[in-house]
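The structures come next, written out as structure tokens.
One chain, chain A, appears in both complexes that follow, with chain B as partner in the first and chain C in the second.
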Partner chain A sequence: MTNKLPNWLNAKGHQNDIVISSRVRLARNIDEYMFPRNMTRLEKEKLLESLKDIIETPEFNQELGKMTLIRLEEATPIERQYLLEKHLISPDMLEKYPSTGIVLGLDESISILVNEEDHLRIQSFFSGLNLEDAYIIADKIDDVLEKFYQYSYHEQYGYLTSCPSNVGTGIRFSVMMHLPALAMNGGLEKISQGLKKEGFVIRGFFGEGSKAYGDLYQISNQFTIGVKETEIMLSLNSKINDIIELEKESRSKLFLEQELHIKDMIFRAYGNLKYALILSAKEGMNDISLLRLGLERGMKFDQDLSYQQLNNLIVLAQPAGLQKYFAKTMEPEERDGKRPQLFQEILKIGGNK
Partner chain B sequence: MTNKLPNWLNAKGHQNDIVISSRVRLARNIDEYMFPRNMTRLEKEKLLESLKDIIETPEFNQELGKMTLIRLEEATPIERQYLLEKHLISPDMLEKYPSTGIVLGLDESISILVNEEDHLRIQSFFSGLNLEDAYIIADKIDDVLEKFYQYSYHEQYGYLTSCPSNVGTGIRFSVMMHLPALAMNGGLEKISQGLKKEGFVIRGFFGEGSKAYGDLYQISNQFTIGVKETEIMLSLNSKINDIIELEKESRSKLFLEQELHIKDMIFRAYGNLKYALILSAKEGMNDISLLRLGLERGMKFDQDLSYQQLNNLIVLAQPAGLQKYFAKTMEPEERDGKRPQLFQEILKIGGNK
Partner chain C sequence: MICQNCGQHEATICVVKITGNKTEKQYICQYCVNKLNENFNNIINPFLGSIMELNNWQPGGDICPTCGQSKRKWEETGKLNCKDCYNFLNISKKHIGKRPKRNQQELYLINIIKEKQNQLKKLIEQEKYEEAAILRDEIKGLKENKEDKNDK
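Our next item is the complex of A and B:
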């Protein structure tokens, strides 16, 4: 079981100051099996076994490199939780994990969920704004798998899926963005309404409601039928670029009109992370959001900070991420007492103790 | 007009970890004048003039050293406010300053208010717990002045004063204490009730209500009639020692039962003062209170802190103190933006700006 951080946190992609990552997911089902909800355990195991064989074929390896199947029931609860925190599996899979699995590429930028809501969910992540490459890679995985399986496909409707909302292309594009200024000035409300009208949806990456903690938001398409993949992609890409512009304008306005106030918040966040002895994931994420904003605005700190450090903390600050980092099982209270050390080590800061 | 900080902040007295200062005040009136509220401006000026002459006599100087008369109407509003913040004049005098004055000793540990509620209010401050020396000095000033004036004195009642509550010895002992643990655990409520029964009163040094900001409290006697000065003094001294014990026990308990939580608060206060760009006097005082507590509990900070630095900030953090420190008139908002620099300079800390 891998401890490493996914490649899409590395902050090496386009527009990394505002876009954390881009993701494409394809939902596919296989003709010879019932939909997962109607499959027996035996059939699910059979599908898992067939995947295990496929990923070891030269044909597969030549195209997609070395990938590993992880059976979720062989993973510990913390390992499953960590996969969830890295957004590799769905929350559902924390409970319905028997006879499910994930096929993971070496750098975790590609993966295939097996026996989740659909038989196969092909996933491709890229750092920054890069839906096109994410789509190309997902499409490639799709092509390779199609050599081994007969997909459930309907001439008129397209790919058939468990949930009608995925029927058609079965594709979901998602972009994770850092939008602190639009969250502060209330601009997200209007953006959300505009996106909805065109078939897109914006959701907090952490927490529910309009003010997601850490100011991280995921924007994705809601519908997959009746439109070509590339059309959805281009349309979403254009929306994302609009939001980037709005966020940048909001940041400029914020720093123009309330410079001292916002810098005060940002420096205090730095002080908090440097000196706190108890830190919740939520508070940590909110501080990271402020530091990210300060970094983008050219603010200097006692220690230089990088987007990569800050991105890594998005995952590591979570309950399982923290426990994996320290290789130790901890109860919530103990985690809050250990989290400052994580932040201080990753950011290379740390005050008097 | 002096810019310097009063000597009683120097943290060189007894029990300085918990007691900031001890103060004695004697209310005296002079037979040949009406009580101040009935005096004409001319009479008040006559009294001020007589004081001015007295403090220049060899007899006075030999006993009490060099003292200076400041006429409050010749001082600026900020200077009057600063005298109030140093607890040298009363809040009343900010408005009713015409023809009032204060005779100040070089280190501001002794002073005489003129034409306040009574003709003369002799004041003596000492650092730490030292009511006895404060009383000896006040008594000495009293003796010296009595050579020049005939006090209003009644065989049966004692010294006569404007307000009946001061009739008798005319003495008020006050001790300023730092009681963060008793403020946190609610112990002050019981202490307040106990003190009241024995004729003492506890008040927040800043702000009203039971939770004074900065956790600074003044304890003083309410009555001055029918008891000898030394009896009041010994009784108050014994109460103060009891409260010191209770505070220390509360601190030990706090650090035993909630060590991580309280240290987290204290280190965060340090981080706040180091990195904030906007700081209210109230927030600053609350952070100072936590650092004072940490210092007493042996906590180490990136920069060594001293009680004297922390005490000085009690006065300098206030509106006039801050403006005197920077020798600049500032509106409230500007002060909040300048206050972090004051704290960082006094404490010799200061983060990235």
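Our next item is the complex of A and C:
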């Protein structure tokens, strides 16, 4: 199983100073089976087997390149946890992993979940703001798979899904954003209400509530029926651009009105990561958030930082990411003691001589 | 049932919150769903209430004949067991996005064949047998074409 980091962290996309990644998910079911929650293990295995064959066909390879099926049952608990931390599988799948699988592309930007809540969940991830490309590739995977399967499709309701909240297009767009200034000045509250009225929802990437740690937020569509895929995409795209503007305004205001205070916080975060001996994931994420803000505002540190380094830490700082990085199984307490080394190596800083 | 949160309105939605292995259930009203939305991570889409009705699930006959799921079970989980469970839902919106290409192609062929068959009938009525023979062969070709697609 691959140890490398997914492409969506590479900070090479549009607006990568504020937008981490764009993602599309399509839910599809196959007509001959009941939904996975009501399938026998044998049926699930049959579906997994069929997918394994399909990804080996020239027709599939020509369109989508080489992809590999990972049966979650055959992966170790840490590997499963790592897939979750890379946002490739759902928390639900971590618990109910028997007879489920993920078909993974080489750079992990495309994947297909098998036997999760729906038979197939096509996923595509891009770094920065790039819903268009994420949609185009997900749509292409859908076209290819459709040649092999008869989907459950209803003339009026569209693609049928196990949860009616996905019925219709079965599509979910989501964009991960870094919004420290809007989190600080309370602007998120208003944005959240505005988004809700138009069928979008914002939630913390880590943790719940309005103040998510690491200031990372995910914005996605709620409606999947009665509106075209491209319409959802365009309207979400324009919402994201509005939020980017608001975040930038808030940052400018913050630095104008409380420059000393905010710079103090940012340099202290840098110092904290440089000299810490014990670091929780939460503390690390909050420091990363401040460094990201400082980087975007053009602040200089004694070591140059990049968005890609900071993005990589979002995944590597998590329990499985950390253990993968050091290729070592560790208990929570040991992990907190080892985490500073991870941050110092990735950021190429280190004060504990 | 009265909303377990505010105790004022009729409960319309069952909210299921899952934390680790623990599952918490609460029957609440639409007003509270809107308020609670921010606090719950795992929540049944509040929009469901506004676009879907469950009234179709008849008292006494509230079991899906295909999968055996009951109305109660569906309300608890918010998930359907099979595609036929959709027969129990009234969704007021119509899907207008992508449709499977395969079905579309088939549908297109079926419509063309139907139309040509009508033309054929007219030609025979008008005793234009030569033209009818050409059209008959054309229809035969289209039908074979359709079978081929089905076999793929």
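Basically, the second predicted complex is superposed on the first by the 352 of 353 C-alpha atoms of A that agree within 3 Å, B and C clash if a C-alpha of one lies under 4 Å from a C-alpha of the other, contacts with A are read in each partner's own complex, and residues count from 1 in each chain.
As a working rule, a contact is a pair of C-beta atoms (placed from the backbone, for glycine too) under 8 Å apart; a residue touches a chain by one contact, two chains touch by 3 or more.
Everything quoted here is computed from the prediction, not taken from an experiment.
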item: Touching partner for A:K12 - first (chain B), second (chain C), both, neither; value: neither
item: Chain A: partner with more touched residues, chain B or chain C; value: C
item: Partner chain(s) touched by A:M34 [first = chain B, second = chain C, both, neither]; value: second
item: Partner chain(s) touched by A:Y153 [first = chain B, second = chain C, both, neither]; value: second
item: Which superposed partner A:K4 touches (first chain B, second chain C, both, neither); value: neither
item: Touching partner for A:D143 - first (chain B), second (chain C), both, neither; value: second
item: Partner chain in contact with A:D264 - chain B first, chain C second, else both or neither; value: first
item: Touching partner for A:K253 - first (chain B), second (chain C), both, neither; value: neither
item: Contacting residues of chain A [partner chain C, same complex]; value: 29, 31, 34-35, 37-38, 95, 117, 139, 142-143, 146-147, 150-154, 156-160, 162-165, 167-169, 171, 192, 196, 199, 201, 203, 208-210, 222-223, 225-229
item: Residue ranges of chain B touching chain A (in the complex, touch as defined); value: 260-261, 263-264, 267-268, 270-272, 274-278, 299-302, 337, 351-353
item: Residue ranges of chain C in contact with chain A within the complex; value: 21, 37-39, 41, 44-45, 47-48, 51-52, 66-67, 69, 78-83, 86, 89, 91, 93-103, 152
